[in-house]
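Below is one structure. I have some questions about it.
Going by the order they are written in, the chains are A, B and C; count residues from 1 in each one.
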Amino acid sequence: MTSVVDPRAAAPAPDLPKRQSRVWKKLRRNPAALLGGAVVLFFVLVALLAPLLPINDPTATDWLAVRQAPSDKYLFGTDEIGRDVLSRMIWGAQASLLAGVVSVVIAVCLGVPLGVMAGYLGGWTDATISRVTEALLAAPFLILAIALAAFLGPSLTNAMIAIGLSAMPIFIRLARAQTMTVMTEDYVESARAVGLRHGALVTRYILPNIFPPILVQATLTIATAIIAEASLSFLGLGQQAPAPSWGSMLNIAKNFLEQAPWMALYPGAAIFLVVLGFNLLGDGLRDALDPRDT
Amino acid sequence: MAHTKKVALALAFGLAAAGVTGAALAQDMRIGLQEDPDVLDPDQSRTFVGRIVYASLCDKLVDITPDLEIVPQLATGWEWSDDGLSLTMTLREGVVFHDGTPFNAEAVAANIDRSQNLPESRRKSELSSITGVEVVDEYTIRFSLDAPDATLLAQLADRAGMMISPTAAEAAGTDFGLNPVCSGPFSFVERIQQDRIVLQAFPDYWNADAINIDSVTFLPIPDTTVRLANLRAGDLDMLERLAATDVASVMADEDLTIEQAVSLGYQGITINVANGAGADNPLGQDARIRQALSLSIDRNVINQVVFEGAFAPGNQPFPPTSPWYNDAYPVPERDVEAARALLAEAGFADGITITVQVANNPVQTQLMQVVQAMASEAGITIELEAKEFATLLADQSAGDYQASQVGWSGRVDPDGNIHQFMTTGGGINDSGYSNEEVDRLLNEARTSTDLEVRRASYNAARDILIEDLPIIYLYHVTWIWALDDSVQGFVPYPDGMIRLEGVSIAE
Amino acid sequence: MLAFIGRRLLIAIPTIILISIFVFTLQKLLPGDPILVMAGEERDPEVIAFLREKYRLNDPVIVQYFAWIGAALQGDLGISLRTNQPVLELIAEKLPVTIQLATMALVIAMVIGIPAGVLSAYKKGTWIDWVANVVALSGLSVPNFWLGIMMILLVSVQLGWLPASGYQPFSDDPLQSIKTMLMPAFVLGTAIAATLMRHTRSAMLSVLKSDYIRTARAKGLSERIVLVKHALRNALVPIVTVTTLLFGELLAGAVLTEQIFTIPGFGKLVVDAVFNRDYAVVQGIVLCTGVAFIFMNLLADVAYRVLNPRMRDQ
């Protein structure tokens, strides 16, 4: 960041404050991105406000109201042991959003630096990181998840770590490939030729260039992570019963598609909307952040 | 597929006309299983689902009726000596194994020897009472015992009594399961793991007249919804273990029928009372807390909520429909007040927290969440620990648990449901329970051939166990089969097996 | 190029060894005892002791590892503890199933994803872009097991068009085989199509803004030629990366999809094996998928060099 006005820069680099405002201006002109952001914001708010909302206890059971269709009393109906689906949806938003976001944060924070290092430094660093990535990719996700749960005990946190670790290789690969592509660009080559320092090269040319594909991948991975949380719940390694998450609700609901379609409808719709929201937002950001876009 | 084509051809040429039943048609029966069976060697096999395949593949010395009477299969008759120390069996003549090897007393002796002495055999404990086998003549065999064993005939009605071809067993060794050769109504054709097991009718079967099907294909389809969808789509002729919650919709479907039978097994909560350090907590040490837990549970509501009333609530190792059920202790009503009083008496008037491990499948988790909600009303907070089965089993066996939701698939003889669980040092006594009087009573019940003596022993043991509660019994599974309307002659058995004798597919 | 491939293959050997050590150690650290599972409901202690000895589970882990790798180098991957079947035979049995499913799914994904990505980039900001986006995302936003069950209920039970589940070997009856696998491939393919479409769109957008596209347009080339010959060709680097990675992932087994449609492939096998602690099977499959991954990565790197000659050689 110190090299903003570095005279040795061979290509014009926009200065930071101006760029930020430009990004925001572009984002504001994109209704799809705003809509996506609104959807995500809505669910985040719901998740945060869950303890304050006037709703039933999500774990309270009612034997006389098992798998009841939506009614005035239960707006979204009840589940397989007579719990309020609406309450569980609201509380489940916490678990599902956390599972999606935290695991992607883990994957990005570990994966991108490794990928850039591999692509930038090349040689032995690249070889080592690439080999480890390949080894990680080849290890079945389930073995990793079960092993983690075995060491640390089954919980939502450990599920997020497992999902994050298994999503990491794709970020390493993308960051590496993108770094390697950027390195062949003329302006980077000339910047290297005039002796720009490594740190400056990475922050000024490489990171801005690898950011768009990483962001696109991250938004897609949030979706995968929310769904992966469901699979892990099913294996007893995710959210622990009786606490809800959308994924685990959907997993149970698939056994009652005929008898209680609402049990699957709401968590399914919520997952769909939130994934769509993240993607629209990410897409808008991608366009806004593209340094080559004027 | 090849067989389906044959059926179609047969139909096209009008061979099916004039109500010709069974044998004239080339019929393939497709059966959906809940799991993929393990190794297909009766001596090495361990799963319930494997036994369903054996029912078509391997005949046993004796069989059971739906009422659990022992009836002839490969043995046509048997006789106990007066002291109960020797059992003489007369064998069916003219029976051959699928590879043509004749079935006779020598073959039986070889089979018993393999079950007892193959190092990998899982049948050793089931046949431990047999100390000598004597080939009297070609079709007579005599087993001598070190002590009377009331359970032996029932063991011979299951995997321990399955006869495999001695020639094939000799040649294949422990790999026998890759290409099993028995003497049942169907012989092995092929197996693709997790996909299918194909058997075809054995033309030289001794009871071939009762077999109306030309081949049978077992298809493991673990997801209950998908299994039912396959039946509805016509890709299956029948399936086992229909989800209890699907019974109503199958009954409403006029193309399908339902058969059911209360199983021989049970489901409950095993409590660690003396299996290592895991027992060192109030639940394990104070029977009053276990009684309070049991009293806090409404078994009828569990049955209604989780199983739509299709299963049987229970409080003993035998279902209420069993002749061994002790009527002195009917399934208890829920009594939250009494539960609270017991807790207070034990010094936990403000409530107590316990940890229960549960297998991470949706149904068992649902069950335990219901129990959790019920117990909380009595002041017992249950922390659920979902584990995948291999971990659950290892922790349970090692005593690394407080309480564990598990069950037992059930055995024909009552001994199989109780002895190894409740006697000191029993092979599967994960609870660590030990009581000299119970040991004495259960051993007595095992060695007596007098039904009344046995019943009295089990009842006396029950008097003690219902107080000590090392296992809180909750319910008994009902086996539920869903069949296409065209399948006729299927008889439900409480052991959950699918016997294809007399079954046909109408057209 | 050949030297490059040769060098990469040489490097692959330590990777495979790394993978095998990694998975072997992980498995041994897992709780749960395969012998306890195998011993059955009765759990006869004598049998348990014998089996532990027979499968050398009492040996130190390092001894077990060397025994395994020693046998593996001679082509013996051990036997399945669950069914006594040789692991090599199991892999040979499942490999064609998984390859067929992965290929069909990838074809479906590419047929949907790449044109949709190109189109939506070209028509950026219009309703076509929007529709393409939403459709692609729908496939990704619906969990596979859910879409699978819905399709079975609709296509098989209600309409009776396709078999509900199972597998038919391609060699027995190619048409029936493709029909049986159409639904699961579609479920997998639609989920992957979104990823592919988004990367295509992203790459195309970048390329469409670049100077040489402007030059190509200025030269008066037709839009179709500009789009396909110049733009798509240059956007292929990230697309190829993602495609090869996705294919590698598919080979490791689409666990839930295989579970729902009861397809006897790698995914189903490995899950059952993990749950039964069937060590040899897990180890064998991981070895196999590891090789597949390395091969796909190599393919991706070769493709970079073919597509972008300016890429510096390592």
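Simple rule for what comes next: contacts are C-beta pairs under 8 Å (C-beta built on N, C-alpha and C of every residue); 3 or more make two chains touch, one makes a residue touch a chain.
Since the structure is predicted, the reported quantities are computational estimates derived from the model, not experimental observations.
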Chain occupying the middle, per Cα centroid
C
When contacts are scored as defined above, which chain pair ends up with more C-beta pairs, B-C or A-B?
B-C
Whole-Å gap separating chain A and chain C, where each centre is the average of the chain's CA atoms:
21
Here the gap between chain B and chain C, centre to centre from mean Cα coordinates and rounded to Å, is 38
List the centre-to-centre spacing of chain A and chain B in whole Å, with centres computed as mean CA coordinates.
46
Where in chain A do residues touch two or more other chains at once?
146, 150, 251, 254, 257
Chain B: positions in contact with at least two other chains
225, 388, 391
Which positions in chain C are in touch with at least two other chains?
31-32, 149, 153
Touching chain A in the complex, chain C uses residues 11, 14-15, 18-19, 22-23, 26-27, 29-32, 130, 133-134, 137-138, 140-146, 149-150, 153, 194-195, 198-199, 202, 205-206, 209-210, 237-238, 241, 245, 248-249, 252-253, 255-256, 270-271, 274, 282, 285-286, 289-290, 292-294, 297, 304, 308, 310-312, 314
Which residues of chain C touch chain B once you look at their complex with the stated criterion?
31-34, 36-47, 50-51, 54, 80, 82-85, 90, 93, 149, 152-153, 156-157, 160, 163-168, 172-173, 176, 259-262, 264, 268-269, 272, 275-277
Residue set of chain A touching chain C in the complex reads 32, 122-123, 126-127, 130-132, 134-135, 137-144, 146-147, 150-151, 170, 173-174, 177-178, 180-181, 183-184, 212-213, 216-217, 220, 223-224, 227, 230-231, 247, 250-251, 254, 257, 264, 268, 271-272, 275-276, 279-280, 283, 286-287, 290, 292-293
Would you tell me which residues of chain A are touching chain B in their complex?
59-61, 63, 66, 80-82, 146, 150, 154, 234-237, 240-242, 251-252, 254-259
Within the complex, which stretch of chain B touches chain C?
1, 36, 38-41, 44-47, 119-122, 124-126, 174-175, 177-178, 192-196, 219-223, 225-226, 229-230, 232-235, 388-391, 393-395, 397, 408-409, 420, 427-428
